[in-house]
Every structure is written in structure tokens, then in C-alpha cells.
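Take a look at the structures listed below.
Look at the two complexes coming up: subunit A is in both, with subunit B in one and subunit C in the other.
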Partner chain A sequence: MKLKKILQKDVEKLLGEAAKKWQTYVPSKNDEGDTLFAILPKEKDELEKALQRVNLKDDWVAISPKEIFFPQVENMFSFDKERITEEIETSKKLIFGIRPCDLKGVLFADEFFKRNLEDIYYLSRIEDRLIVTIGCNTPPRKEACFCTSANTGPFAKEGFDLELVDAGNYYLVEVGSVKGEEFINLYSAFFEDAGDDEAEKLNSIESDAKEAINVKVDFDKALEIMKGDKDLTENYKRIGERCIYCGGCVYTCPSCTCFNVFDDKLGDNGVRRRNWDTCVFRGYTREASGHNPRDEKWTRTARRYEHKLKYDYSVTGTSGCIACGRCLSSCPVNIGMSKFIEEITTNKRNM
Partner chain B sequence: MKNEYLPYKVTIASIQKESFDTNTYKVVFDDEKTRDSFDYRQGQFAEISILGVGEAPISITSSPSRKGYLEFSIRAAGSLTNKIHEMKVGDSLYVRGPYGNSFPYEETKGKNIYFIAGGIGLPPLRSLINMTMDNRSDFGHIKILYGSKTPDELCFKQELDEWKKVENTEVWLIVDKPCDGWGCSIGVVTELWKDTDIHPKNAVAFVCGPPIMIKFVVQKLTQSGFKDKDIIMTLERYMKCGIGKCGHCNVGEKFVCVDGPVFTYEEIKKIPSREKVI
Partner chain C sequence: MKKILTTCIYCGCGCGLYLNEDRGLLTGAYPSVKHPVSKGGLCVKGWNCHEFVNKMDRLTHPLIKENGKFRKATWSEAIELIAKKFKAISSESGPDSLAFLSSAKTTNEENYLMMKLARAVFKTNNVDHCARLCHASTVAGLAATFGSGAMTNSINEFEEADCFLITGSDTTSQHPLIGSRIINSVIDRGAKLLIVDPRKIELSKYATVHAQQKNGTDVAWINGMMHVIISEGLEDRAYIEERTEGFEELKELVKDYTPEYVEQITTIPKNKLIEAARIYATTKKAMLVYSMGITQHTTGVDNVKSLANLAMLTGHVGFLSTGVNPLRGQNNVQGACDLGALANVYSGYQKVTDADKREKFEKAWGVEGLPGNIGLTVTEIISALANKKVRGLYIVGENPMISDPDQNHVRECLEKGEFIVVQDLFMTETACFADVVLPGASFAEKDGTFTNTERRCERIRKVIDPPGEAKADWEILCDVARACGYKGMDYKDPSGIMEEIRVVTPIYGGMKYDRLEPHGLQWPCLDENHPGTPYLHKDKFAKGKGSFMPRPYKEPVEFPDEEFNFILSTGRVYWHWHTRTLTGRTTTLERESPVPYVEINSEDAKELSIRNRARVKVTSRRGSIELVADISDKVVKGSCFIPFHFREAAANVLTINAVDPIAKIPEYKVCAVKVEKL
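The block that comes next holds the complex of A and B.
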């Protein structure tokens, strides 16, 4: 399909219309000033207010959109004395304004939850979804984004239904799938064909956007090093000295998928739930006997980096890190994946 | 799509006390269809729960060759397992599974077999032992080497006596701290090397027990000439989901719950030593 365009002032109206039909998730500024994905309400007044909070500009979404499909806490089933009732969520979803790196993270998690035995909770949530990405003309996390090094941005190349590119007072719209095309046809009043010279314009915006990414590391070299047998114990130990093992990097990481399972019970009724968990926590591997194979802090640091850069790569052919930079920007002691990569590829100590 | 996380109700049909902290529970699925469709292999495990308390992975210790019920030997180790120990015949538990890979069976036919277990390591092996006992003529010589801290902590005392009587089968027991009248060896499992011949020719060894015991047994087996691929063991790791999703049991690129719990020593050697799998 030809390149389309939509006026930026019409996006609010489009979202207002779409919210009636879809469970619509869009980056929104909350009262504390953080931008997070929020669901647009269906009720008219509430919707009006929510639309005022929509933020598609250069601000960054603090928590990755993985939480739309893999919530921080979710019910698996409820139970009472007689029966177990499973809780499956299958709403028709529109994810509007997801960044290209985060899309990679979502696609990575999709594959993970399909592998081996299928995870019904995640897979039901993604069953009916439409993804509209938005390219990054400027890096939302200026000091941390390093997508060009991993080839995961600043614009998406595949996996989206539609992609928006900021071109001044309008967005250029690339169509990535039949579903995306159907969406445009459904809301044709908002879209028009882009002019013949617009493809050229798109290219020049993209090359400027690539230029704008400040942080550059040798990602491929890092993958090569991690694949080999080089002993990085010293690096892990040193990083482990500084790390406070808060888990912030893992909770915000788009491709981290670990969880804990627990029961909540009141009287005869209860729910089995799962919540995000992380390999950097000490209790994560502690067995009932008290034996804990990752009792020493640095072994947890080693686990995290090796999982992302070595094992994800050997199992799936792509790295588990999609270079969003969240681990660095969320870290209270300034540790992050881009810094780790820089350190092992240049032998410069930077953490 | 099947919801792998949904457990099915079972009723406790009998409880056998094994030692001061371990009981064997024989359970039967309430639903007949589930009973018939629960097909498992020797060495697999199930997730057992009490709703409202929690869930834990437990090896299926019954043999697939004996149908209609499942058996689990459960050591009271924490919140859930202690609660299970308070239960009586007729009470309900919830079970889902079976999960994990299994002990090789067809490939070991015609071979001499060593079963080497420590403490609560015998229950996972028992499934395979009984399968070989039920098809005894398919295998060569069988030696069961089993050790525990005290005589009281030996599981399946009655069956140990029965296996001893089977043709071409030996049972060697050893304990750290003997009691009066203990007629067998004293020490750790590897001390049994002094008492009986352990020979690698046309043999495989199945090893199961605490990490430290596995470590020393593997050393001994290697010294005796066993090849890495002929030393087969099960790993224990903290687990939540049992289906390769929660990440807790992930070591190297393997999920112990899906790629294991059964591994050859050859595979174990590829996992970084800092992961302390044995």
C-alpha cells in the first residue's frame, strides 16, 4: 500500500474514535509526570480528559509495554471449595505509539511464550492486537538509547501494523500488514495519500534520526565475545560490588519475562496469581533445603548479562537485549547494558 | 490451547511413612478422564498444590508400568510440604503435569545398571527401578547403592528388601550414623566402592541425591572408568511453573523443568561451574 499521512491534530480524534472499538493503549502522562501506557476510557467525559494526557512526543515510556500482555501482577485462576475458574483476558487491543525497540521486545516475548509449552495467559492477551509504532526522530532517552548499535531502531522495519513518522505537522504512515491497511480503510476520513516526494522525505528523516543517537557500542563484537569462552568473572565481580540488586533494570526491561507464582486466600476463596520476578534477587534460586546456587551476588550479575547476550542469542538467533537503554536510565548506581558492552569490547573500565 | 497452569483434583488413597520427615502419598485423580490421560514417563515430575498454600515440583515415584494411581514421596521441607504432611487419607490435593524429560529406558536395555542414591534421591529413581523390575529380563546385572544419614532416613525399606530378592540384583545400603543392630556398611555412599565392584563395562549409572553427594559419586564413577555420557543424573532447582516460563530453573541455556531434570554428566559439564548444579 502507498505511504499515507495523517495530520497531527487529527490523531486525538482518531484515538477518540478507535477507543470505542478497541481497548486502546497509548503513552499518557500521569499526575507524577511519568509517561506510561494507559487505556483510553470509553465514557465520553473520561475519554476527553484522557486524550489530553496522550504523549507521543519525545518523552520516554518508563515501563516497557510488555506489561500490556504480561502485567506486573495477574490472576491465573480463582478457586473456592468446589471449583477452579480460570481468568483469561482476550480483549481486542490497539497499541498506539509503541517505540521500535519496544516492538522488538514485544516480538521477542511473543516467541518466548510460544516456545515449549504455550503460556495461555500471555498468548490470549496477544490474540487480537493491532500495533502502531512511532519512529524516534530524537532519542527519548538521550543518554541511554543505543538502538542503532543493535539495529533495533530508530525506525521499525517489520512486525508493526502501522508505523508513524513525525514529519512536522503531520505523520507519515507506513503500512506493515493487512490489518494495518484495514485500519486505514476503516478510518479513511483521517488519512490521505502522501505525495510522491514523501518517500524521499521519509528517508532523510530516518538518516537524521540515526545521526541523533548518541550512544554507540560494538554490539556484534559483544555477542561474539559472549559466545566464546572469555572469562569475564572479574567484570562481573566488579559490577557486583556496585550493584544494589534492586531489580529495576529487570522490571523495566522489555524482554525480561520471569515471574513468581503465589496464592492469595481469604476463607474458602482465593486466587493464584503471578507477578514479575527477577534473577538478580537472592531468593530467586533459593531452594527449600536452603541451598542457593546463586548466593554470591556477582553470580547473579553474570547470569543477567549471559542470559541476554549469550543464551538468548544461541537459542533464538537474536540477542535478548533490544538496546532500549532502560536498564541504564533506571539504575540508581549507573550500571547498564550499553556500559557493559562498551567495557567488554574496549577493555575500558566505565562502571 | 491447553491451560498448563490448571491443576486437577486428586484424592489421597494411602500414606506410607518412610522416615521421620518423608511420607509416600498414593493419589488418584477424581476425574476418570484425567486419570486415563495422565501419561508419564520414568523420571518426570508433577506440580503438586494445596490451593491457597502453594505449589511445588515433586518427582513421580510410581512406575508408569503400574497404572491407575500416582505416588509421590514428599519430605516436609517448607510451608507447602509441611501442610501436606498434616493431611489424611481421603483429603484432596491438586496435581498438574507430567513435566520434564525422563530417564532413558529403551537405550539401556541389555546393559548392567547402577542406581546410586542418597537420602531423598531414591524417590525419583524408584520409578525407573520398578520399571526395570517389572521387565527384569530386559536388563543385565543391577546394583542399587543407597545411603542416608541414619537408617531411619532410608526410604522404601520394604521395597529394598524385595529388590534384594530379585534375581541378578544387589542392594547395598550405607549410613553415616548407624543404630543398634545395623548390619550394613557405615560411611558416605562412595565408601561402598570398597565393598562391591563398580565396573563401567556395558553399564550405565543413574545418580540422584543432594548436589554434594552427586559431586563425589560422579568423581568416583569417572575414576572407575565410566564415560560422561553413561553417568545420568537429575538436577534439583527452585521451580515455579514447571513449563519453561517463569525462569527460576534456567541454568546456562537449559531449563531444568523442560530440558531436564534428567541430564548426562556430559551435558552438565557444559554448564558454568559457578551455577553449582552439582
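The block that comes next holds the complex of A and C.
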């Protein structure tokens, strides 16, 4: 389909319409100045207010959109003596305004939850889903974004249904799927064909956007190094010692999918839940005997980097790191993937 | 799906975080990016602070004990019983036969109401809370020397400091978002790190100097550092002259504390002491940081005063990135103190012994005859249950069975207690002893404010409804006051309580709710135009001139002897919070630290033939516990360390209830024990 455009002032109206039909998730800026994903309400007055908060500019959303399909805590099923009642969430979702790197993360997680055992809790949530990405003309996390190094941004190339690119007072709209095309047709009043010169404009916005990414590392070289047998123990030890084991890097990572399962019970009734888990915790690998193959801190640090840059790559053909930089920007002690890659590719100590 | 900004329930850092809600369930906690403390990050407890709220074993309705068993009761039944009993006890045995334990986990507004209930309704100053067990020495020591008993500087100033002197604070475990700022400053900016701590803590590996003093010898090493500073002429003469008083007495006292003498007492090699003293004295932006390792001693106030002396001597108070920085443990222990949940002061540290202040509060509260005697403190209140001096006790959100020293003594006292009310989220070890148990609302289920360690008063916000019939603590306290016939405790919401607090509490004068948006204000904040105070004692001390208060070294009450040959110190771990009521119900945290343990030095372990992870018995004169040995070089030979979180092997079975004579804080950090192989 041809490149489309939509006036920026019409996006609000479009979302107002779409919210009636879809459970619509948007980045929303609150009174406290933080931008987080929120569901647009259906009720008219509430919707009006919520639309004012939609923030498609360059703010940093601390948590990746994985939370929409894979919440930090979710009920799997409740139980009593008689029966088990599964909780499955299947709403029709429009995810509007996620970043290209986050899209990579979502697609990566999709694959994970399908790969071996089909995870019904996750897969039901993504069953009916439309994703509209927005390209990053400037990096939301200035000190941390390094998508150009991994070719995961600043604009998405595939996997989206629609992609918006900020072109001044309008967005250029690329169509990435049949579903995206149907969406445009459904709301055709808001969209018009972009002019012939707009493709050129898109290219020039993209090359400026690439320039705007401050952090640049040799990602491919890092993947090569991780494939080989270079001894990185010193790096792991130093970084592992610095780490305060908050779990933030894993919790915020768009492609991290580990979870723990636990029951909350009272008498014969209970509910089984799962919550985000992280490989940097000791209990993650501790065995029933008390023995722990990853007992020393640095071995857990090593595990995380090896999983992202070595194991994921060998299994899926793409790196588990999607270069969003959230691990760095959520880390109280400034540890991050980009810095690790810089260290191992340049032998320059930076953590 | 709601995401509402609130303040973390765990430590005094006071991180801003979002609680996520989905169909009545809390589904997560995320850091606020724009909040000045969290800045997009949290510690593991913060990330997981939502889980306990959802638990099915929350208390959901009032309980009354009959024939030794709890039965469900209605709110009016429970409240009427409390009012009837408390009034009867008071009229029979006088107001001071009642006592009230407030909570550093509840809001400012609730702490204010707790002390108002004790003082205005029941006319007793027997109201106290766990600050008594953590920073009572700070409040007393810093108020005496500086005129204000709080952390002088702010959390973000850690990012600019060039030197940290840290003593008795395992900062990365207990205040992770402050600990992380120290790590960043030391590694990335080359700030100097001086640690004086008997244990090897996480931060020790980055220390320029790590001096491991013998537990309980703090006054000696601090005096020793001052001796070195004065004898080398490194004191800040102009500052001393202009801003302090009492220097000559200090000089006289520390004359005897030569590095050699101090080494004898503390075991700190003299060169380390000298090096640390020089670095601290000669670095302009030097922050002194301390916590329980300083305060929880029978010499707690002396320790704090001595640190204050050291900071004044070197001119390290009253400027950015300097100061004396006691890190407050509980999320709202600063606020609970500020709001007068202490036996000797009303809100804003206004003394109950001051007749003008009493008159002011009598007028504000519409009552007569507020008592002018200082009330009983936490440990005194518990002990007074046994001899019936206290017959009625009201506990909100505290768990003395696990948190107070000498557990066997506490149990005996609680068993003897005539009428005990416990208001909490769960059936705690203490609630089991209650006659009435009331279900409170968690931090996610009510509005209010917490005040963090840097004196930042910030909002908490209601995200979900409390379970069952549970109610916010402030509502329950108002119900009790009404049932007792008092008319002055009717509020529509917590902001109304804050309006009253503002009128009677000068340092909170400007803390209007709308001004606390989005990230709070730091006290003193005197009026509606006041911007708050990031650091204290700028230009001059709160009390005018800072007072040097030289103190001589005194031994702890119980040093090891032949039979009880180990020094025991107690403390906390990164993963748990205090009595584990909340973190024990949090999957990730409980998994990380599921069992009680004792840290033992590897040489001692060898001598006693104890293997790592083997079970051992630790015994003091008060009792014995059995737990797992964790063998390392974290503690020095001859000492051991036990986290106090675990009911299964409660460290406080062993601790001594000797207290500081002024602050009445127990000596959790030193007692004598023996260790046996099982």
C-alpha cells in the first residue's frame, strides 16, 4: 500500500474513534510528568481527558509494552476443592505508539511463548492485536538508546501493522500488514495519500533520526566475541560486584520473559499467579538441595549477558538484546548492555 | 488498568513508584522516572512491594478473643469494647495505665492521630513507636548538638560528594538507592570511601579505608579521629570560631585518645585511623553517614554526639554534599517522629514538658489537662505490662514479639497483658496475644503522606479498596476517639488531618496537599510560600551555635567472657524487611532469603568444627536459637551476626534489653553469646 499521512491534530480524533472498538493502549503522560502505557477509557468525558494525555513525543516509558501481554503479576487460575477456573484475557487490542525497539521485543517474546509449550495466558492476550509503532526522531533515552547499533531502530522495518513517522504537523504512515491496511480503510476519513515526494522526506527524517542516536557500539563484533571462547570472567566479575541485584534490567527488558509461579491460598481456596522473575537472583537457580550452580554473583551476571548475546542468537538467529537501553536507564548503578558491549569490543573499562 | 504514583512502603529512601491495578488486583510496581529519588530505578523490595497487598490471609474483619480463641466481630462491637475497657482502666488506675504504640509504617496523618488519641483523649504521654529502637539516639543526640534531630542533607547530594564516612550502615542493603549513589560516586568519580564497621559489608570492597572496630567502641574511634585532626591542625578553625561553642572542652577530652590508645580499645590499627581522619578532615564535600550500628547501643546518644562533634570540628555541616546523615530505616519513621509519636514531644518536636506548648495543644484540640510528664517508651511499655503498671495497650502496625530485644521477656509481658489491641494487616506474632485485632488498610488502600529520610514529605495514594471490612488506620483511630466521647477527631479525609497538622506544627506549616504534588517538600517548610529545605543548618545551626558535646568512651553492658565468648550483632538483609510480615509474603524476596542464619568467621568455624550451612545453636543469657551457619570472613574472629527477621530463629531471643539512659534505645548491636555445633 502507498505511503499515507495523517494530520497530527487528527490523531486524537482517530484514537477517540478507535477506543470505541478496541481496547486501546497509548503512552500517556500523567500529572507527575511520567509517561506510561494506559488504556483509553470508553466513557466520553473520561476519554476526552485521556486523549489530552496521549504522548507520542520523545518521553521515556520506563516499562516496555511487554506488560500488556505479560503483566508483572497475573492470575493464571483460581481453584477450590471442586474446580479450577482459568483466567484468560482475550480483548481486542490496539497498541498505539510503541517504539520500534519495543516492537522487536514484543515479537521476540511472541516467539518465545510459542516456541515450545504454547503459553495460553500470553497467546490469548495477543490473539487479536494491532500494533502501531512510532519512529523515534530523537532518542527517548538519550544516554542509553543504541538501536542503530543493532538495526532495531530508530524506525521499524517489519512486524508492525502501521508505523507513524513524525513529519512536522502530520505523520507519515507506513502500512506493514493487511490488518494495518484494513485499519486505514476503516478510518479512511483521517488518512490521505502522501505526496510523491514524501518517500524521499521519510528517508531524510530517518537519516537525521539515525544521527540523533548518541550511543553507538559494535554490536556485530560483540555477537562474534560472545560466540567465541574469549574469557570475559574479569568483566563479569567486575560488573557482578557492582550490581545491586534489584532485577530492574530484567523487569524493564522488552525481551525478557522469565516468570515464577506461585499459589496464594486460604483454606481450600486459592489462586495461582505468575510474576516476573530474573536470572540475576540467586534463588532463580538454587536447587532443592541448596546447591546453586550460579551461586557466585558474577556467574549470574555472566548468565544474563550470555543468554542475551549468545544463547538467544544461536537459537533464534537474532540477539535477545533489542538495544533499547532500558537496562542502563533503570539501573541504579549504571550498568547496561551498551556499556558491556563497548567493554568487550574495545577492551575499555567503563563500569 | 490504573497506574498511580505513590511512595514505597519499605525503607527511608522514599522512592516514587507506580502501583498498577487490574480488576482489583495489584499487578505490579514500577519506578517513577521523574521522581528525584527513584529516577527510573528501584531496589528489589520496591519492584516487589505490591505482592503482600494481594494476599488472601490479610485480616478482613475485626476479631475479639473469647476463652482464648478469636471470633469474628462487627466494627461497632470491637470499637465499643475498646472504648469501654480503656475508659474503665483509665478511671481505675489513672491515664498512665494506658499505652499506645504507633507505627513508622503508617502515614504522618495516622501518627498524628495516634498521639492525639493518647494525649487528647486518654491524657497520657505513653505513646511511642519503633523509632525508639532505631534512631531515638539520633533525635536526642543531634537535637542537643545541632538543634534538629534529622538527616542534614539530601539524597541527590550523594551524587556530588567527594568523600563518604560510613559507619554502622549497610547502605546497599538497607538504603539501596543511596548505596547505589555511593557506588557510582566512588567508581565513576573517584570519591573516597571510608568505612568504619565491624563487618565486611557490600561497600567494603570499594573502601579507601575499612576500619573494623570492635563492636561497641564507637566513641573511642571517633574521639581518636578528632585527636588526630586536632593534633595535626586539620580542624576548621574559622568554622569552629564562627559557628560552634564548647571547642575547648572537646579538645581537652580527646587529648587522651591517641591512636595507640584507641587501637587498644577498638582494635583499629592506628594507621588506618590516622588515614581516615586525614581524608575526612581535608575533603571539602564529605558526607558522614550512619545508621543502626551507631544508634543501637547503650551509648547511642554518646555515639551520635561524637559524630556531630567530628563533623563540626571539620566544618562539614551546613553545605551541599556534607553533613551528618543518619539514614532512617522505615519508610515513615522520620514522619512518625515528626508527628509526635514519641513519649516526650508533640508534633514538630514540641516538648510535652513545656507548659506553653501544652497550652497551645490544649487550645488546638479543645481539651484541658494535657499531661506534662514524659511518657513511657517502647521497651518500658512492654515491661510495664508485666507489673500491671500498663493495663491497656493499643498497638498499630508494630510487631514487638519479633522486633524488641529479649523475646522471652517480651512474650512473658504480652502474656500478662490485661487488654491489648492490635491493628495490623496480618495476624502477626504479636497480634496472637491481643484481645482485639483490627484489620487495617495497606499503603495501597489509603491516602496520606510519608516523610522519607531526607525529610521529604510525599504523598501516598489510594489505588484499590481494602479487603473485606478492613479500614484505614486513621478512620479506625477516629472511630475509637468518637466512641470515647471525644468530638475533636472528625475528618473527611487525610488532607483535612494535614490541615490541622500544619496549624500546630511549624516545620510542616507549608505542607498543604496540593503543594506536595508531584514529589513532596522537605521540612522545615514553614508556610505556604516556603520552598522546603534540601539541607539544614545553612549559615547557622538550628539552635544558633552548634554545641560540641565531648563524651568519654564507655564499655557496652555485656562484653564476651569465658562462657559467652562471642560478640553478637544483629541487623537486616537486603531481601527482607524487619519482622518479615510483608517480605515473607513476597515470593521473590522470600525465595532469596528463606532461612535464618548466623554469620561466623571461618577461623572460628574451623575451631568449632562447623561446616558451612550446618545447623548450630547460639545461646545468650536470655535464651537459645538454632539456625544455619553462614561461614565467611564478613565478621571478624570472635563475633557473629544474625538477621533479626526470622520468627523461626528470632535473633531477639538472644539480645539484651539494656538501654541508652537518655534515648532508651536497646543495645541490639552488642551482647555476648556462645556458639555450639549441633
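The definition used in the following text is that the second predicted complex is superposed on the first by the 348 of 351 C-alpha atoms of A that agree within 3 Å, B and C clash if a C-alpha of one lies under 4 Å from a C-alpha of the other, contacts with A are read in each partner's own complex, and residues count from 1 in each chain.
Just so we're on the same page, a contact is a pair of C-beta atoms (placed from the backbone, for glycine too) under 8 Å apart; a residue touches a chain by one contact, two chains touch by 3 or more.
All of these numbers come straight from a predicted model, not from anything done at the bench.
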Answer with first, second, both or neither: which of subunit B and subunit C does A:Asp277 touch in the superposed model?
both
Which partner chains sit in contact with A:Asp220 here, subunit B, subunit C, both or neither? Use first/second/both/neither.
neither
Please work out whether A:Asn30 is in contact with subunit B alone, subunit C alone, both, or neither, and reply first, second, both or neither.
second
After lining up the shared chain so the two structures overlap, which partner does A:Met76 touch, if you call subunit B first and subunit C second: first, second, both or neither?
first
Return first, second, both or neither, reflecting whether A:Ile120 touches subunit B, subunit C, both chains, or no partner chain.
first
Could you say whether A:Val315 touches subunit B, subunit C, both of them, or neither, answering first, second, both or neither?
first
When the two structures are overlaid on chain A, which partner does A:His307 contact: first (subunit B), second (subunit C), both, or neither?
first
After superposition on the shared chain, which partner residues are touched by A:Lys265: those of subunit B (first), subunit C (second), both, or neither?
both
Between subunit B and subunit C, which residues of subunit A are contacted by each of them?
260, 262, 265, 270, 277, 286
Under the definition above, what is the set of subunit C residues touching subunit A in their complex?
1, 3, 5, 16, 18, 20, 22, 25-35, 40-44, 46-47, 50-51, 54-57, 172, 176-177, 179-181, 183-184, 187-188, 202, 205, 517-519, 574, 587-588, 591-592, 594, 613
In their shared complex, subunit A is touched by residues of subunit B numbered 1-7, 49, 51-56, 77-78, 81, 210-211, 236-238, 240-241, 243-248, 250-253, 255, 258, 272, 274-277
For the complex, which residues does subunit A have touching subunit C?
30-36, 38-39, 60, 62-63, 67, 71-75, 241-242, 244-248, 251, 260, 262, 264-266, 269-271, 275, 277, 281-283, 286, 290, 329-334, 351
Residue set of subunit A touching subunit B in the complex reads 76-77, 79, 84, 86, 88, 112-113, 115-121, 123-124, 233, 257-263, 265, 270, 272, 274, 277, 279, 284-289, 291, 293-294, 296, 299, 302, 306-307, 310-311, 314-315
